[in-house]
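There's a structure below that I have some questions on.
As written, the chains take the letters A, B, C and D, and residue 1 is the first residue of each chain.
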């Protein structure tokens, strides 16, 4: 494919898969601002030929633990299959007390199992996957949430594209929900677009040119 | 180039440049464990055809601020030129009280200026650059330091390769320095190798296939 | 009571109550290093005439949420009664990926309900209670865990005495558990003593001289 | 003094001293939103008979380091004298990239020296002092800043009263400064009042009833 005017040549135009995990504390059908932002990320990814699956984690019987399967009806293994089949993982989380949700932390702990799940070349099975973050709260906390998530996702083998977080929070000590903001926040929308474009681009690159085997 | 047995095909074997900023609080020639780990990262990068420059930030008159040039003898602009010329930026920092050094924070604040320095296509000039982190301390704090740095580096346009941190810390409340650990910590060495391999690989990919222009 | 040689006069020698919540991910009877450190905190508190109750949160059916009672068999209300009856709350948590456990985050989210539970004088019902933290991990993360917990506990009305954390972590990337360290770490033991002495002292002061009503 | 209707009896009505350190990156006379919030904290403390001193740290030649005196014209020792003379220390900091300012981190590193400066009874000279936090930013980061500061201040011997932070931040990705918010944010004002009332109360209690000597 020829470079365009800006010298940009899209990477291999393969269709990609994303898994978006909504880490709200609330069971469906309760409203979830994290779900709204998650669906906006999914729409933005679709513009880059990425097909997404959205899972509301709390509606599944995921157990506390740090293994790939805690047994006894644990439903993480089904979600884990979707993680492994995806090129892009997006964690969407509400902010509580300036921090990621406990459901989000439970997901990260389950991903921790991948550190010891290496392939024949010594690479984690997550290597080559790209991760993004979507954060919503009434007020304050998005940067810290992304810091916590980047670190845990990176430790477990994910690559973080440039500007990998989209978020919305309101003014200090206010109580507006993202889903009720009117008019819709334009800056969040454009940030979501950048996240989607960069995640899709990087996932294509890493699919065609995987990381080297461990030394 | 043909894929090898593992399906791995090295990306374009161009020579790359790395800038490694040692964020110790101590002026040369004082010993610095951060400097030791930084030189180990440089040696590991060299095995992937990356030429590095090491700068001890505190030995330069870098001013507090959030602009590209604070004027009046500010020496950040010289370091900034090296950041912009590099494909890979590595921040090496000691841990104080479980947190990154103030010198490291000063560097991140200066990088914050790049958020408003966009090219004709709306991309930060840092876009396409890859960042890694090297952390040392007597005890405790490496994960949190990497979280803080990943977030600030990612916000300012850097891409974070899988497993982008190498570190060493001792047992809780102990006072051994990294440079005095005997025998040398093998796990830190192998982690340094992975960081270098992944950073070099990703920097090559992004140099040959840049991120798309902003929507 | 007369001041002693150092000018120190113990506060009102009333018997106090502490609630210690073990936030391990593992159900009883699995071994828990957090439980071991929790029992050491309890022993240290007993030397200051504090009676403690230890609860392993994961053995109770605590629901995700941010209200005082999520209904439908939620067992948080029972634990909440114990929080409200206590003068001192200690959160004991393992470190996973450098961060507090998801069970610990779930507890903090439930405590978030107290922000809107104020008395006739506009004070949270937690006002005047003192909080401490006990953290264990194979390696790295105790300072950050205490930072996260101090902030969430302070936001929900708790007072943090000087040196309010005791912890143990091993050398970087090692896998020793606290319960297997031999000989027992002396520095952790003396830190546990300081935490207990300061928490008991401050809880007595605040019991006899409560914070003023909100302006 | 007799308890009032609510059972509240003010602690010993001694006059107290507070030191408020403004950790802005900008030299005087540049406008500083952190300075505005700092002066509001000082006014609130005055209502509790606390006399405050305000220092803009960046206007003094404070050196990077972790000792009580770095020599060679270092101006920290003068500020340190004020810390030691104060009953209450308030750190006022802007947020950059969701994190405390580098100047604030430099101050915390200098306070780190106090960990090894113990009195004849084994207590840090900071023991018995109370700390509070004031945070301002265009958007996002106040909770995380308070977490970082609470931890570092607590590690160095300070006690954290209930609800020890006052802050203001705007909506996500906006650029309004605190000093330009109109009308003035009422919630920040009432939070500042609570911080001042609690800090003054606790400082009085700890002055009259110091922590016990280390075991």
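Just so we're on the same page, contacts are C-beta pairs under 8 Å (C-beta built on N, C-alpha and C of every residue); 3 or more make two chains touch, one makes a residue touch a chain.
Just so it is clear, the structure is predicted and the values come from calculations on it, not from any experiment.
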Copy of A-D's interface among B-C, A-C or A-B, judged by over half the contact pairs being the same?
-> B-C
Centre-to-centre on C-alpha atoms, which chain is most distant from chain A?
-> D
Could you quickly compare B-C and C-D and let me know which has more C-beta contacts?
-> C-D
Could you please state the distance in Å, as a whole number, between where the Cα atoms of chain B are centred and where those of chain D are centred?
-> 32
Provide the C-alpha centroid distance between chain B and chain C, rounded to the nearest whole angstrom.
-> 37
Cα centroid separation, chain C vs chain D, in Å, comes to 24
Note the residues in chain B that touch 2 or more other chains, in rising order.
-> 97-99, 143-144, 147-148, 151, 155
Touch list for chain D against partner chain A, complex = 97-99, 139-144, 147, 167-174, 185, 187-188, 191
Of all residues in chain D, those that touch chain C in their complex | 6-11, 120-121, 124, 126-128, 143-144, 146-148, 150-151, 154-155, 157-165, 190, 193-194, 197-198, 201-202, 205-206, 209-215
Where on chain B does chain D make contact in their complex?
-> 25-26, 58, 64-66, 96-103, 105-106, 108-109, 112, 148, 151-152, 155-156
